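Read from first to last, the chains carry the letters A, B, C, D, E and F; within each, the first residue is number 1.
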Amino acid sequence: MMRLSPPGALRFGQARSLDVVYGGGESNVAVSLANFGLETEFVTRLPANDLGEACLQYLRQHQVGVRHIVRGGDRLGIYFMENGAVMRGSKVVYDRAGSAFATIQPGMIDWRTVFADAGWFHWTGITPAISESAAQACLDAIQVARGLGVTVSCDLNYRAKLWKWGKTAGEVMQELVNQCDVAIGNEEDAEKVFGIRAEHTDVTAGKVDADHYRSVCEQLAERFPNMKKIAITLRGSLSASHNTWSAILWDRGELFTAPIYDITHIVDRVGAGDSFMGGLIYGFVSHPENCQRALDFAVAASALKHTVFGDFNLVSVDEVEKLIKGDSSGRVSR
Amino acid sequence: MMRLSPPGALRFGQARSLDVVYGGGESNVAVSLANFGLETEFVTRLPANDLGEACLQYLRQHQVGVRHIVRGGDRLGIYFMENGAVMRGSKVVYDRAGSAFATIQPGMIDWRTVFADAGWFHWTGITPAISESAAQACLDAIQVARGLGVTVSCDLNYRAKLWKWGKTAGEVMQELVNQCDVAIGNEEDAEKVFGIRAEHTDVTAGKVDADHYRSVCEQLAERFPNMKKIAITLRGSLSASHNTWSAILWDRGELFTAPIYDITHIVDRVGAGDSFMGGLIYGFVSHPENCQRALDFAVAASALKHTVFGDFNLVSVDEVEKLIKGDSSGRVSR
Amino acid sequence: MMRLSPPGALRFGQARSLDVVYGGGESNVAVSLANFGLETEFVTRLPANDLGEACLQYLRQHQVGVRHIVRGGDRLGIYFMENGAVMRGSKVVYDRAGSAFATIQPGMIDWRTVFADAGWFHWTGITPAISESAAQACLDAIQVARGLGVTVSCDLNYRAKLWKWGKTAGEVMQELVNQCDVAIGNEEDAEKVFGIRAEHTDVTAGKVDADHYRSVCEQLAERFPNMKKIAITLRGSLSASHNTWSAILWDRGELFTAPIYDITHIVDRVGAGDSFMGGLIYGFVSHPENCQRALDFAVAASALKHTVFGDFNLVSVDEVEKLIKGDSSGRVSR
Amino acid sequence: MMRLSPPGALRFGQARSLDVVYGGGESNVAVSLANFGLETEFVTRLPANDLGEACLQYLRQHQVGVRHIVRGGDRLGIYFMENGAVMRGSKVVYDRAGSAFATIQPGMIDWRTVFADAGWFHWTGITPAISESAAQACLDAIQVARGLGVTVSCDLNYRAKLWKWGKTAGEVMQELVNQCDVAIGNEEDAEKVFGIRAEHTDVTAGKVDADHYRSVCEQLAERFPNMKKIAITLRGSLSASHNTWSAILWDRGELFTAPIYDITHIVDRVGAGDSFMGGLIYGFVSHPENCQRALDFAVAASALKHTVFGDFNLVSVDEVEKLIKGDSSGRVSR
Amino acid sequence: MMRLSPPGALRFGQARSLDVVYGGGESNVAVSLANFGLETEFVTRLPANDLGEACLQYLRQHQVGVRHIVRGGDRLGIYFMENGAVMRGSKVVYDRAGSAFATIQPGMIDWRTVFADAGWFHWTGITPAISESAAQACLDAIQVARGLGVTVSCDLNYRAKLWKWGKTAGEVMQELVNQCDVAIGNEEDAEKVFGIRAEHTDVTAGKVDADHYRSVCEQLAERFPNMKKIAITLRGSLSASHNTWSAILWDRGELFTAPIYDITHIVDRVGAGDSFMGGLIYGFVSHPENCQRALDFAVAASALKHTVFGDFNLVSVDEVEKLIKGDSSGRVSR
Amino acid sequence: MMRLSPPGALRFGQARSLDVVYGGGESNVAVSLANFGLETEFVTRLPANDLGEACLQYLRQHQVGVRHIVRGGDRLGIYFMENGAVMRGSKVVYDRAGSAFATIQPGMIDWRTVFADAGWFHWTGITPAISESAAQACLDAIQVARGLGVTVSCDLNYRAKLWKWGKTAGEVMQELVNQCDVAIGNEEDAEKVFGIRAEHTDVTAGKVDADHYRSVCEQLAERFPNMKKIAITLRGSLSASHNTWSAILWDRGELFTAPIYDITHIVDRVGAGDSFMGGLIYGFVSHPENCQRALDFAVAASALKHTVFGDFNLVSVDEVEKLIKGDSSGRVSR
């Protein structure tokens, strides 16, 4: 997906050029993993035109495998993003209708081949929101992955503006999420998709109380008995320029918490959830069953994402671990 | 319509920002007329989002009337353009499917109000190519305009990549063109749309023989008896950086020719046909029935367009007339 | 007026390009009102050259009426602005001497025509500071407006560097302000122009006590008995990058206060007072006599201005109202 | 003087940033000489503000002496330049009225100190055009220089738009030019200033016949008996993008000619005459009385100027001499 | 290798930013082949720092295999390039001393693994020029490749400024070239490296006579009996902005010629020889033994390179074949 | 030295252009002094190529004397800098090996001439770190300066990555520092170079206790009995975007402290220590023996540096004194 944004803090009508990067939920996770040294394949459908090619080049630059990407369809999905500042929030205008991916059809991707050597499959709630056939492709992929013993994770990722093809998120997501081992979401996703909500949370105050979210995890776990791990990212939105960021991780009854990072000068907050997921998968893959370590890594990695332009989290394991060790002083590394 | 192009001579995959302008056939003509001092209204449908607003602002900047523009639909049409150089031609990737205009429906625009005080209505062959409903809207407009005694002109403007909604250009355009008083086209349009062709032309040689095109005009006039004036723009494509440019005008049997301009360092050739049409309408409106004057003005105006970035021809009557008088020396005006 | 500023935080001597926008007190107010949906006309004099034309285009883009603008004179007024950061303040170098507006003469603008259908006339203290003839034009306009029953408002706007043509601000402003219904100013204006000052204020502490400013309003009201409403904007200058912002409104004895906004990452603070005035006028026009609503709207609108590049406040009624309702979280609107 | 120009081939109304350089006749010559290794001092008056400082920095960067520059006055002179292309000529909007230099007064510069160690004084016809006091300062300087035995040269440099202060160029220049040893001009200057014209020239044809200009030199020499050397630059304006360039030099009856350079892709033609003068002075100073060598150097240097952005001719003696030796192949120097 | 160049036509001293791309002889060839759909591996040594990583990303973007690249050493090689215009030639400042590649040591690369599945090995004369150890690495690679039956090609590529490590190009290249099957060079390389020269050539006249170069091929073939095919690129340097371009191919006694392309508006001429080599290898691999086809493809591909910014030739097989078929009109592809 | 940095907050791999400035320890100090009105000479060795020339131009622009700079050597030293944000620190990649300065040899600079009229010589610990010959040149300079009665100051400036030529910083610096009158350093330098450390400091807490540093000064003074004044800059690194900044000055037993500046939105922190040194020298030269005044000036000047892009501190005495007087409100200066 192409992302077009006015430079700096300009509004759409002021821009005479738009910065271009490529990104989107699953690709963002794939880039995080590639940066952490894991081998990844990003699977999607891109149009067989120069823009699809440019997108491929961008993915390749970041070392994401592209050999399962199929080409075809009419257009590349686009989203326009205007950067906010202080109390003016960022704005996203989606322009994904009719994209190559939205018009994907069953059979276009051979999921058995895709998952032949795979260990982990991740998808986000944005995919089934795009179109009915995309939802179907997502379901196919999950079933094949599960059948082959591949771990399946999802990001609930609710986007109200995208669910327009006939069914509600709740109807569709139930079956998809039910077959997942790991799920992440933020404080809104569980409520908007499944009507599950935390109590007493006050996100605008810049502080979150992890315990309040335990019940969200437990409600999700009850509804989706296959679910082994659930993480909830906790964003305190003080302003468009200043957020706090943390997360909790629930693992079959046990709750893990992480430090709250104070991100006082946000560079780019898009893709934070994806960078969290990338950190979490890396944690689980590199040190299986060490939940605290995985959570700490994921939160630190995604805190750093806020300092990187674009959708992708271009940081290394070393940089994340330096932050985990407590060095948030931002000193010059000479 | 939004136009996005890599800066300078960069290819799509090299760009990390895209220059943004707005434009498109009919709006380009409207801007030309506004620059020449005529009052104009551009009629279209734009989405009710920030990008539609940005497009409106751009039109207003250039003094085009926007009060008949209706808002709605899902997305703003886009086209991506990569600038060529020498033997590498420019590339256009259309991304107009599903645009607000493509999904226009009969009745969304009240053509009687639109044409209440109008003297001239211009449309291009791109409009009916977009979708069936756009073709219908175009037909409605033509009929209302004609019924109110408004002069109707068209640019045949054949775009093979756009005619995808079911009917061919030939089928659809016959009825639309049949109700026009004035038409323009280039050497390909008449052939691709109606199968009418000139003889012995060799456009790559950089020279065109006006007489060869007389037969194109006569064949068109025979097919469309309402047609009073037909102009054909003559582009000699020596390379992406160097073209020659001229046109002929046929007025009920009489053929007018114009100088051939040698455009050795093209800045932007998109919108040349539209700028020609703008010049022609201005000529006919400001000095009715003076065909030679109108043609000379239109050719000079559109030659100058090649030196202006973007779709719009941002030149004044004075600048065009200075060129008509023979001053193509490009001296500094201090 | 053209505004030229080095990109980002560069100093004048470092810049090899200057960002260009157009703006200035009254036009800034007009743009605010246009963005809020009111019909406006900006009246000034611009040179009959390409720069005057560029300025006109810029105004038109933002939907400000320009039909009463007269053309002539030698040059377009310019101001150069260097953006500050933290403890380095922004610097403005005025270059307005001899501008088309400074050399305006009585009779150049037909105020009776201008105000024929007008409901509100706004002027700022910058206008009479420019030149004696500009002060005279301002007085003419006020008198005609008042004679036609048009509400007149002013922004005291004291600029020490501009008052150079012979008289002091105090001498000239007395007569002009005396015929106004509404006035705004900041904590310095009343003192510098009329010697009226608040007590006990400590603006550098980042907090302002509204009551201290009541006396300023009362002193002004006593001096200008026609004045019905007086507003004072309250800026707490913690640094060039971080300000607090609020205002009070005095309406014939009654004092209204508003929340204090904490603007932690200023994008552009120029035009804040104008955006406040724009919000205030919009408030009074859309909901007459609802002072609290007008003040809340004006303060929120002008707080948002600090997040928008350029002189103009490019925000919508919806955005302002969302902020009034307390959502300053700057969350991404997807 | 500050020069502001839209990037690339953009028109004024399209620009959202302006490229900034500093320059102007005499400073351009000084920079050429500094680049060629001669010690120079540029004498002018700059405002005591940040823009004057930025201008000083720019001059210093290019190794021009600035110790005789005086500070004061209201503003820095500006000129806006829009780059042309092909048949669209470049446009210059002067904004120099009221500049620090225009308001210079007798006695502000101590010419005796300035010329204490000087060998050559150069001025251009732009200086006396700015204002009466600037013309007076110019006359003072010439007289002091002449009295101290300093060689005096001038560039006739006629700018119709600047001569507005009361007298005509002809009236004023007579006395000034009469005290010069060396003069240059182009084909228009002699005619516009003194009514002296060549015969049979056809500059738009891209070819010039040197002999036709001999009479111009002879008429000038007759009128100004102190004049020892006169050079005329010969520009063939094929288009804004393509010029030919040469010059002739007349030395007390003897006529020297130079090759005609074909400049097919002009980068920046402003300052060409100044770069010619810089080359000529360098030639005369480094190899006195070798007219052919000086002319060849001056023509080659100023041909190269057309390939350099800005007013200044940033080329070295080596680069000029390589061109004189016939290497115009533009091969990569690795 | 990092390439840093001032934007547009700016000179080094004018630049406040430098455009950055990565490139260099062998990588340029690899990118061409990757664009034409062949699988390639680029083998070099890059420093284990962030700049080495950035270079890797750039290569990956263009689909070049990087798995044999070794990491280590002190610095990334750099070259600075100033773009010329018309008679001002481009300038290259090499800054490659001490680079990771220059300090490569025998054994750092396991050539047997590298060439395990390879069909073709290409190296350029720049490699042995860098340092003695680089020359040794080059020799090792050639010998291993040859031993494994891999076709070996070289570009003579003489760069006088680089040969500084003790031996002359002639001494070193003799042994290296002697083991090659295919060689290319331009009109200078054969002479500067081996003292072999053509007769009667006049490259500055813009025309080359292919037959004159037959003798160069024959002399090379006589000296290097393993050589089966020799190509000579023929550049006519009319100016820095305008070149002609062609080549000849000699295959064991038979001489093939190609059309001369007129490149009137050069975008970037660096990498032209490499893009020729890329086209030639593609030709030989895709249609073995069809010399005319390979030559035509190589010349057309490298002509197109002149229209692409950067070192890499970012064109497709389709674009090259369209040009071979004679369409150099540069028409817009919509 | 050339500094190349990705624009804004981009990471190295994202950049397609790099901002270029020139700088480095001693030159930064020289520019500060020049901005404060003192005459300075910067002495170094620059390569005799276009990049050396560009560096010279940059220095001249900022009014630094360059007449003692010698030309020669292979390359200009470079450092690449990636700007950090919040908890992502800035990164510096040095590329100085083999630079013109690193290969300086005894005798290349005639220090007796250099110091003929000098009053103060400043050097930094970066110089002897570069290479053995640079360390020798530094020692030569110090000895000559001292012999001529010139005050000598040093900045301990420890850079671990640079000390690679064989000796440790401690070994080399002992002799060099021993001959200095004034030294500055930060909290790490004294420890890393001489093993001298403060007690109980907690720099990450954003607060520093001046008294803890008294012992550092006393230990240094004991070790270097010639030392009269020692200053220690105190940086509280809250994040890459937010630091506190202060310093202490020890003068033969007496300890002076300064306010702590809260720099909430850092523009560029490189060169802060140099700008402190520049302020200190200015203070001592302009008001000898007024330690408090010198310290206050130095701290305020270097606090302001954090708001200026590039290595150089482009602020004036007026701006520093305004800040000393307590005005850190960053108000617009109109």
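Note that in this section a contact is a pair of C-beta atoms (placed from the backbone, for glycine too) under 8 Å apart; a residue touches a chain by one contact, two chains touch by 3 or more.
This structure is a prediction, so every number in the text was calculated from the model and none was measured.
Taking shared numbers over all numbers used, the subunit B to subunit E interface scores under half, which places it in the different class. Annotation, subunit C versus subunit F: rotation angle of 120 degrees from the Cα superposition, expressed as a multiple of 5. If you average the CA atoms of subunit B and of subunit C, the two centres end up 42 Å from each other.
Each of residues 11, 13-14, 16, 57, 61, 91, 265 in subunit A touches at least two other chains.
Within the complex formed with subunit F, the residues of subunit E that make contact are 4, 7, 11-13, 15-21, 49-51, 53-54, 57, 74-76, 78, 80, 82, 91, 93, 95, 97-98.
Across the complex, subunit F is touched by residues 61, 261, 263-267, 303-304, 306-310, 314-315, 319, 323, 328-334 of subunit A. By the touch criterion stated above, subunit E contacts subunit D in their complex at residues 8-11, 13-14, 84-92, 94, 159-161, 203-204, 237-242, 265, 269-270. Of all residues in subunit F, those touching subunit D in their complex are 57-58, 60-63.
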